[in-house]
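In structure tokens below, several structures.
The following pair of complexes shares a single chain, chain A, combined with chain B in the former and chain C in the latter.
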Partner chain A sequence: MLALLSLPALAVMAALLFVPVAWLVALSFIDEHGSVTIANYSRLLADGSLFKSMTLTVQLALVVTLICAVVGYTLAYAITLMPRWLQTISLALVALPFWTSALVRTYAWLVLLQRKGVINKILVGSDLVSEPLHLVHNLVGTMIGMVHIMLPFMVFPLYAAMQRIDADLMRASLGLGASVFYTFRRVYLSQSLPSLAAGIILVFVLSLGFYITPAILGGGRVMVIAMIIERDVNLHLNWGPASAIAVLFLLSVLGLFAIVGRFLSVERIFQGRA
Partner chain B sequence: MSNKSRLIGALAAASMLLGSAAFSAQAQTTVTYAGWGGHTSESVLTGLFADAGKLNVSVRDELSGGWSGIKAHLVSGAPGWDIADIGFARCEEASQAGLLMPIDYSIIDKSKIPAALAQENYIGTYTFSYGLAYQKKNYAEVPQTWADFWDVQKYPGRRSMNAQGLYALEAALLADGVKPEDVYSTLKTSDGVDRAFKKLEELRPAIAVWWRSPADVMQLMRDGEVDMAVFPNGRAMTLALDGIEVGFQWNQAFLDMTGWLMPKNAPNAEAAMKLIDSALDPVNQANFAVKSGYGPANPKAFDTGIISADLMAWMPTAPENLAKQVLVDPTWYASDAARAAYERFSKLIQ
Partner chain C sequence: MTPAAGREPLSIDVSGVSKSYEAFRALDGVSLHVAAGEFVTLLGPSGSGKTTLLNIIAGFVRPDYGRVRFGDEDVTLRPVNRRGLGMVFQNYALFPHMTVGENVAFPLKVRRVSKEEIGGRVEEVLRLVQLEHLAGRSVTALSGGQRQRVALARAVVFSPQIVLMDEPLSALDKNLREEMQVEIRQLHKKIGATTVYVTHDQREALTMSDRIAVMNKGQIVQYGTPEDVYNSPNSTFAAQFIGETTLLPGMAGDQGMVVCDDCQIRSARPLPAGRELVVALRAERLLLPQECNKFVNRIPARIADVIYQGDSMLVLADVGGGQRLSIRRSLRVGLGGPIPKAGEKLMLGIDPEDVIVVPRT
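After this line comes the complex of A and B, so read on.
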């Protein structure tokens, strides 16, 4: 009976996920004349730019995830310590940009970070630097923009978990003679770890697929995978090469999850349980 | 006359009017034009197609979806379009792929436009240029050539070029001392391509931004984010009209063309050819130039008095500007060698 009830859900999954992915895989083996080929793959492997771009995409996602984890954890913890009314305001401040379009926020960073932007004006005006810094149209600007967009994905699950941690447990640990660091590590961190892991995976996976932010803040030289796909569609006007990149990247991410899955259960991470 | 008979008279007159309107609508041919939409399409409809009524043609306006849209339309053999609007390089590519209807020069008067614009399977209808734009305040001495663009000692500052490599290889060759008339013949050899890349490599550290759209580079110059850029003339005009201190160098600028092509299965080819012929008339060309900021294809447009002297200074095809520029060769951009070169370019900036 239960199996029968899950049929509609399976049908939706099949129509919206499995069929398109299967189609994508099929397209990647078809050349511009419609015949079956592996040329799309051999071209990619021969061409170093794909590997370079994949490495860059993964590195960028890792750094953004790391910054989000450190900043997000600190921020979420700080919010739990605040009085109730300040918590509401702080959470609203985290959520507010979350409701604004990523495109608008990205352009806002462009205005702030550029050579004659607000930040450089303050830095040069206060004699902290003699020349305006290159804060945008490069990797630095891309990272700043991505961290800003990704931060709420880290803060909200962490805040929810930290809210549930019983402060008496910490007091008990300290009262029993444990050091502050030991208490944090064994009592607090271990209880917030599943949410931290959930946040990390969420931010990492979403960061892998970024397009707008690197395209606008990267100055054309931060060529992430999504941009390579766009370039290939425009350059070849043919879905084959672009599909091949997407398939290769999908496989890499699945491979990554397989490795992560050896240490952490993905289902349990998303359920938020330890 | 009683009220009643007056009413009957009015009704009769109205029905006659309606009848004649229906009659003329039937006789009219509808030509479908696939354009860029927005301001450009509007300028085409009201400027270049101003005589459609006289030709008893009504124009249906559609969005082409750019080159990917046009190519998809041509390849699929979808019906409905008579004229599509796209850059010359893409026209040439479509022509080589055998997707186009030949232009009927017994209907269209070739003599209205320069010979380079009257191609067998497509026809140049308006022009634009990409040249060197610079922040006037930063340079006491005006940069004159692409060699100056490359000279970071004499002209320090941040540069910006197109991320797809448009006009970049040509500029590199000119900076390396190739004569303007030899640029494309040099590019068509593999040594020439290598030479261009070698020169580009030199300038690469000075390129602060590889821009992705004309709107991008306009903003970069407006904000003072970069000091020099490969820049479209229309945007330079807009900045100048806004009072921004940006200069545009016509010398060695790349004069490019937008062409009209007709799909092989164009339903109303004859009416479309007549419409194209009328679009090349000096008055229509001049009105279009005023509305859009694009350069007319017919040089006689400048003799109509419609284009002011101020505007003329911004027109790529104004005689004074024309002489200084390099004519873009669509056969280069349509070639396999070019495709390979621009793939190589995208690796250079990566």
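After this line comes the complex of A and C, so read on.
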């Protein structure tokens, strides 16, 4: 009887997730005249630029995730050490990007990072560098923008987990003879690991779908998969080819997770015992 | 489990240790010697400095002045993780992401003991605390008493020469606490490690200790066996903090007499120096009229209340100077006469041998 109560949730899931994906898959097998075809796929496999773009997207997402993990972990840890009032301010500052649109933030970065932008002016003015750095219209600028947007997704779960770690456990570990490094690894990291893993998955998946940031800060040099899809829709004025890219990419990402899952037990990560 | 070869317990020697936190003097020139294998309790109210002293012995806190020695070695500047201590913490501090066995194995793993030896030792020490059947259980699934036993097992599994315990029983309910007091006492006898134990519970201190260091305001006010500390407190603080005590201020008179507001009390013990004194009367030593003989001191009193408490009876009586005495009688022995009634005026007694006199401070 109780199982029936989950029906509304299942219906929502079906309507919002399974139906659109099924629709997408169906579209990818239909050509501009409305007949069933595999032309969309055969054309993609022949096109080398698609594979390059997929690799770039995954690489970009991995690097952004890695930077977010390192910066986010350090930042979350630093915040837990602060006095209460400073914690509140710091968390508000981390959350600030949530309250402004990605577009506005991305243009703000453009202003800051460009050749005659604030950052280059300071660097050149203080003689730290002789030439302005190429901080934007390339991969570096894209990464900076993406890390900024993704950081809260890493910091908040980590901060929550770190808050719950009992400081007495660190004392206990040191008191019983463990080194500072061993204590960090076996007591602190172990207990924050589930949240770190959750943050990594969240940031990675979201990073795969970025469009605005690479489009503006990449200066046309960073062709991520979302941009290829947009180009194909505009080029062919037809959903078929773009849908095929989306389906192919979805399968690739699922494949990637399957490979990762073979080496890393997700269950163990979530029990904090990896 | 006996201490492994070459693991004889170490003495602890604290000398002239002071520690301030900004304007607050947590410890003020404290010295303490704990003999090898001894069980010493630091007893005092919160803010007395007992936890700070333990943390200095442990190495969590560095003293502003003074030295700490283990045996012949000066360890004042040695970091906590290189002092080789077994420790039990308030609220257990068990690692929630590890099983009972993994928690107990932790100090051995840190010391790079071989896998086979870890297995044997963990089993042995878990048997000692009667938890061998729970080795694979998560610590979060245990009761308070079981967690406490795991914490004890973890502290002694590597045969430490010194064990420190910081109010380990404060989170348990009264019955379990009393049970664990006896268990810790027996565990100490088995493993023989020098033990320093912090508590604010006087009964706990009396039950377990070889010696008690009574602490107040950053100083050790008295250091002695439980009998010494209970029978011969040296200050109003020690007299009042340990036992159920009423204090009557008075002036020194002739021949061991102390003159209080409306009575004179003779003590069989030598009086402390000074004119201003305080008589400390233990609730269980005060006598009801039917228990008095002609040799005892008499104190006129008016009964304020009589309270039944199951195993004993508490009588509250007002005496001159606005003081209220507590008298406790075990009900099993009986009162040997009528139970006093509220409002009744009578003469209470106290044997001169039982009269504790301390200087007024």
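In the analysis below, the second predicted complex is superposed on the first by the 259 of 274 C-alpha atoms of A that agree within 3 Å, B and C clash if a C-alpha of one lies under 4 Å from a C-alpha of the other, contacts with A are read in each partner's own complex, and residues count from 1 in each chain.
We take it that contacts are C-beta pairs under 8 Å (C-beta built on N, C-alpha and C of every residue); 3 or more make two chains touch, one makes a residue touch a chain.
Everything quoted here is computed from the prediction, not taken from an experiment.
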Chain C versus chain B on the shared chain A, clash or fit after superposition: fit
Rounded to the nearest 10, the angle in degrees at the CA centre of chain A toward chain B and chain C equals 150
Which superposed partner A:L169 touches (first chain B, second chain C, both, neither): second
Report for A:K121: first if it touches chain B alone, second if chain C alone, otherwise both or neither. neither
Is A:R185 touching anything from chain B or chain C once the two structures are fitted on A? First, second, both or neither. neither
Does chain B (first) or chain C (second) touch A:R221, or do both, or does neither? first
If you've got the overlay open, could you tell me the nearest Cα approach between chain B and chain C in whole angstrom? 48
Can you list the residues on chain B that touch chain A in the complex? 67-68, 71, 158, 163, 208-212, 223-225, 339, 342-343, 346-347, 349-350
Flag every residue of chain C that touches chain A in the complex, lowest number first. 58, 60, 79-82, 84-87, 89-91, 93-97, 106-107, 110-111, 154-155, 158, 164
Quick check on the complex: what are the chain A residues that touch chain B? 48-49, 52-53, 114-116, 134, 137, 215, 219-221, 223, 231, 233-235, 237
Given the complex with chain C, which residues does chain A contribute to the contact? 166, 168-169, 171-180, 182-183, 186-187, 190-191, 271-273
